[in-house]
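I have a structure I would like to understand better, so I am pasting it below and will then ask my questions one at a time.
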Amino acid sequence: MSLRLHPDRLLPADPRVRAVARRLYAAVEKLPILSPHGHVDPRLLVDDEPFGDPAALLISPDHYVTRLLHACGVPLGEPGVGRGPLPEADARHAWRRLCEHWAVFGGTPVRYWLEAELAGVFGVTERPSAGSADRIYDRIAARLAEPAYRPRALFERFGIEVLATTDDPCDDLAAHRTLAADPGWTARVVPTFRPDRYLEPGREGWAGAVARLGEVAGTDTSGYDGYLRALEARRRHFIEHGATSADHSHADVRTDPLPRDEAARIYRAALAGTAGPAETTAFRRHMLLETARMSAEDGLVMTLHPAVRRGHHTPTHRRYGPDTGHDIPIRAEFTDALRPLLERYGTAEGFQLVLFTLDETVFSREIAPLAGFYPSVYAGAPWWFLDAPDAIRRFRRAVTETAGFSRTSGFVDDTRAFCSIPARHDMSRRLDCGFLAELVAEHRLEEDEAARIAVELVTVNPRRAFKL
Amino acid sequence: MSLRLHPDRLLPADPRVRAVARRLYAAVEKLPILSPHGHVDPRLLVDDEPFGDPAALLISPDHYVTRLLHACGVPLGEPGVGRGPLPEADARHAWRRLCEHWAVFGGTPVRYWLEAELAGVFGVTERPSAGSADRIYDRIAARLAEPAYRPRALFERFGIEVLATTDDPCDDLAAHRTLAADPGWTARVVPTFRPDRYLEPGREGWAGAVARLGEVAGTDTSGYDGYLRALEARRRHFIEHGATSADHSHADVRTDPLPRDEAARIYRAALAGTAGPAETTAFRRHMLLETARMSAEDGLVMTLHPAVRRGHHTPTHRRYGPDTGHDIPIRAEFTDALRPLLERYGTAEGFQLVLFTLDETVFSREIAPLAGFYPSVYAGAPWWFLDAPDAIRRFRRAVTETAGFSRTSGFVDDTRAFCSIPARHDMSRRLDCGFLAELVAEHRLEEDEAARIAVELVTVNPRRAFKL
Amino acid sequence: MSLRLHPDRLLPADPRVRAVARRLYAAVEKLPILSPHGHVDPRLLVDDEPFGDPAALLISPDHYVTRLLHACGVPLGEPGVGRGPLPEADARHAWRRLCEHWAVFGGTPVRYWLEAELAGVFGVTERPSAGSADRIYDRIAARLAEPAYRPRALFERFGIEVLATTDDPCDDLAAHRTLAADPGWTARVVPTFRPDRYLEPGREGWAGAVARLGEVAGTDTSGYDGYLRALEARRRHFIEHGATSADHSHADVRTDPLPRDEAARIYRAALAGTAGPAETTAFRRHMLLETARMSAEDGLVMTLHPAVRRGHHTPTHRRYGPDTGHDIPIRAEFTDALRPLLERYGTAEGFQLVLFTLDETVFSREIAPLAGFYPSVYAGAPWWFLDAPDAIRRFRRAVTETAGFSRTSGFVDDTRAFCSIPARHDMSRRLDCGFLAELVAEHRLEEDEAARIAVELVTVNPRRAFKL
């Protein structure tokens, strides 16, 4: 069977609506990519080494892919999860497993992205299957050996103008510095401050992390004040290296304040290993409020990605580590949780907050009403499990009527899968154009307005929400 | 750019489905408006004075409008929130701010309503923008000086047959009485009993409110029994003035009963200022059950609008007062919360309960199953943030399959924006006709049945649910 | 008015999409029915007696029907709820009541199923109404007297290949045994183990039930160990009679383990009548984990149908018994609730779990992510209130993007209404074909893949998920 990318894919089926959508899409299709939140390793671009092999590039590190293979009975080790570089025989085996299971990805965005990568990036023309697996492997492997398929060449071909990475506060950001200093490199690759592990005294290894934070920041973190100073110092370090946002992912987004003395007391108790779960949770919530205070002061956009039970299956977590496909969403709540934060900083000059969720119920109930009043709040794009055609449509339908388009963040790809970046942004553009075309077709928006909005969603909106 | 109202706006894009929708809509387009729940001040119609200016009419009092301006950085004072009548320069400035921000309303129902008002009511033919703001202002201002644009003339032109207002239990209802006695006034303008503040001892000013209630009712409210008698007396007063319903909006709809003595004890403690939050909440929940008992006795339809965190941003609330755009929904729960009430009155002759929600998750999960069994329960129309095209469609799709059409309340506009009433009802009619047309197009309903239902939804349904 | 079943009913309205859907549907329309979960009484097929009368067949036992009649003011006794066989005059009266209220079912799946039964099974050609009620009654009554309308003949005509019933663990399964031994009977009719009442010490009659369980199992259930052995023995009995699954419906699906001694202690206390609600709830949750352990050992697929408040209206429950239309859903939660179970058995060889819900919010948030990782977890088909066209579409849209098609269970009819079985399966097939056709029309799936999936959904999927 052949593999082809239909030029009208994801556009509405009705020919009149599709005609409008095509016109809107033509104006945004080629615009540069702004990627304000993702997980590409910047050293990839510094080193510019050839990618290893098709499995290492497209399967092993991508829990979107290995997750569903696992559900279909393929142990995570087969596609190479947690194993590092695979011997060629194993990489081929991993690739074959994916191709044999091609059918189970039907109707998922993973399949859509992979097709776009195979056909659009690597020129594959046949559908993956047990029979075609080796031929496709060979074709991709051959491509990966060519200079045009090295990271920097692909980056340029993808039209990426800004790429934000996600980085540990202790990271020295040498890779970002190298790229910024490289006269042959013109795109912006900016770090993102991701301090989760330093804000959760209940997590394993917190005391060590905080000690190291102190070392890196040149600050004594044996007390609460020094800890705050260390965080502030590292934020400055990130800002000096181009960071525009700080990203947070906790079980919830409560921001109940603690009295300073109580925070300091719990901090010391946590370091001593005597703080209980209620205390460490209270501290984490207090610290989310404190980071908002820092954001109000230093201007880093605060982005929230809450409400996932990470590492749901402990045996798998122990064996394969984090991000291996079994992070499962839970209910989210923003209205009450964020109230202390928004009471203090919700209308503060320069403070910005982008809200993401895996719980769709909050789109119309909480996020849109918040983004429709607070100048600081933006509705973040559908994320992770929701970064998919029907979910993206539900997002626009749930949010637009209350908050319009201008209060949404623009697309974030949030991906580790480098080669999927253009496909993901393209998917979002097609869907937004389709949604706008439907509004035009129902006479809820004039086409000139839809055209303006389509362009703004990939230019003005992400620049504004993430201060790019 | 020109402003025009397309005759097919909001109807389904598919031409075959649209053809059905047009036929259905033609039969309901001109039917009189029944408005069983809203916030128009009846004195508007008694006085019949010309409206002040375009901003005072269309912006300042409407938190649907000022909310999104605020999110876009326009301080609430600029559009005149909480300022009373504005000097002309300020009114023009407020108007300009709206017109400059016209784009941010794209895709929202506010924009849709405003367009319908500008083009449909005032004959404006150009799209609002910084450039056209003053011309449009002048045009509307000129119209407002004409007799045809006074409240009564517009009321008649809008085809309103019944208008329910929302009134404080202490209101003497003089305005309603005047209208009823006016031989030149034929429409029904009926009050709605809205006792929230008298039922929440935890709210500021409760003791004073209850004292005043006693005075107005001629009853001693220093004890619980007198308090109940005062509420009952005021309900009778409302019924004598045409009221058919009592409206309730609390944080939740729990209806756990208290023993009579315990209710009386908390009542006294609350008056003495010694009741704690758990007690005042328990009292409020008990009183929701008590008002159901009163409704079962006196026949006032009970309508519930729960689960909003009112005045989310305290600094704004302090400065600008209530209803200023930052009431944010929270999760709602009806199944368990209403069980005590429904156990007692759910099948009681004449008792009726209309359930509204801002939490869409309860439409299919709780409200439709309740309305599909209890003869007393009606699914209320989508309300507030959900009174918008896509949300209305989601409502019909979520509720119809379990409760059909007959168990839904018919449309409520719930608005303070007088001139938007026809646009809101028209929107609802178009969307219901579109939804019915889709059922016809998929052969889930015959067209003759759809036509009957379309008419009933704007005639039989509201009359039945609200006892009009 | 005439009654007719349009050949394209439920297929997408757009003619291009409908053309694809028709092709897909043509390939599945006539495939045999696999019904892995339902409530048909197997003795119906053993006895093969003529059905009583139209009301007894289509109304009285079906709470989907009587529920909405009740909401419209028809007391449950009129359609014969809880009354057993009705005298002919009463049966006619019940039938008339349904026909008079035909309009209120418009837009509901109940109406759709009834139309399919009337027109498709009984050849009725006029629309039910007050005027046509008696004629239709006579026609159906006449048919029911014919041999072709006896249960076995209909079963064969419906093309049912496998039918799972739902049975009490104490049931001797004599009916199943008789059918299996009948040389003239070729279809599989298998029991399903439904132990709810034995697992909830907080429910009335539990001690007696458990005593009887011991008798039937030949085991002493005066202690916890004997109780477990009795359950295990009855499961073996069911497996010997063809059972492939065990079904569970509790208020929640928490699976928190108790230490063995604590479980034993609560068990004894519950038998003695001294266990409190917290203890009996803890025991029930522990037992859900224990049944998972049994399933991991004996291979019975575990199916979960949680989160309904059964018998919401106590007065009705007392008068008419269970399953009388006022079971009302509540919120569901799976991610945290099932974690103990999935930690232990989520990747265990042969263990399978099918998750159903009436709370749509968990489809995309919890069920799809769980089914998209755990090889044991399947997303169950939309059930009960959600077994309806728009809800089924929402299910596919919510689940497919995360879990694909292969991780869904295939359709379950879950019905007591024998004659509605083919209409229900047919509805599901039409909707799945329509959904697949939309994916094809948007170039998200090739038509050959959609065709394969459409067939698998009614063959491979139910066989796999339910081990048929």
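Here are some notes:
We just call them A, B and C in the order they show up, numbering each chain from 1.
Rule of thumb we're sticking to: contacts are C-beta pairs under 8 Å (C-beta built on N, C-alpha and C of every residue); 3 or more make two chains touch, one makes a residue touch a chain.
Please read these numbers as outputs of a predicted model, since none were measured by experiment.
Taking CA atoms, the transformation carrying chain A onto chain C includes a rotation by 120°, reported to the nearest 5.
Because chain B and chain C carry the same sequence, their contact can be compared by residue number, and under half of the numbers here are used by both.
Centres computed as Cα averages put chain B at a distance of 40 Å from chain C. Annotation for chain B: residues touching 2 or more other chains are 14, 361. Residue ranges on chain C touching chain A, taken from their complex, read 14, 16-17, 333, 335-336, 339, 342-343, 346-347, 361, 364-366, 368-375, 377, 397-398, 400-407, 438-439, 441-446, 448-449, 452-453.
Considering their complex, residues 1, 6, 8-15, 67-68, 70-73, 103-109, 112, 309, 312-316, 325-331, 358-361, 385-386, 388-391, 394 of chain C touch chain B.
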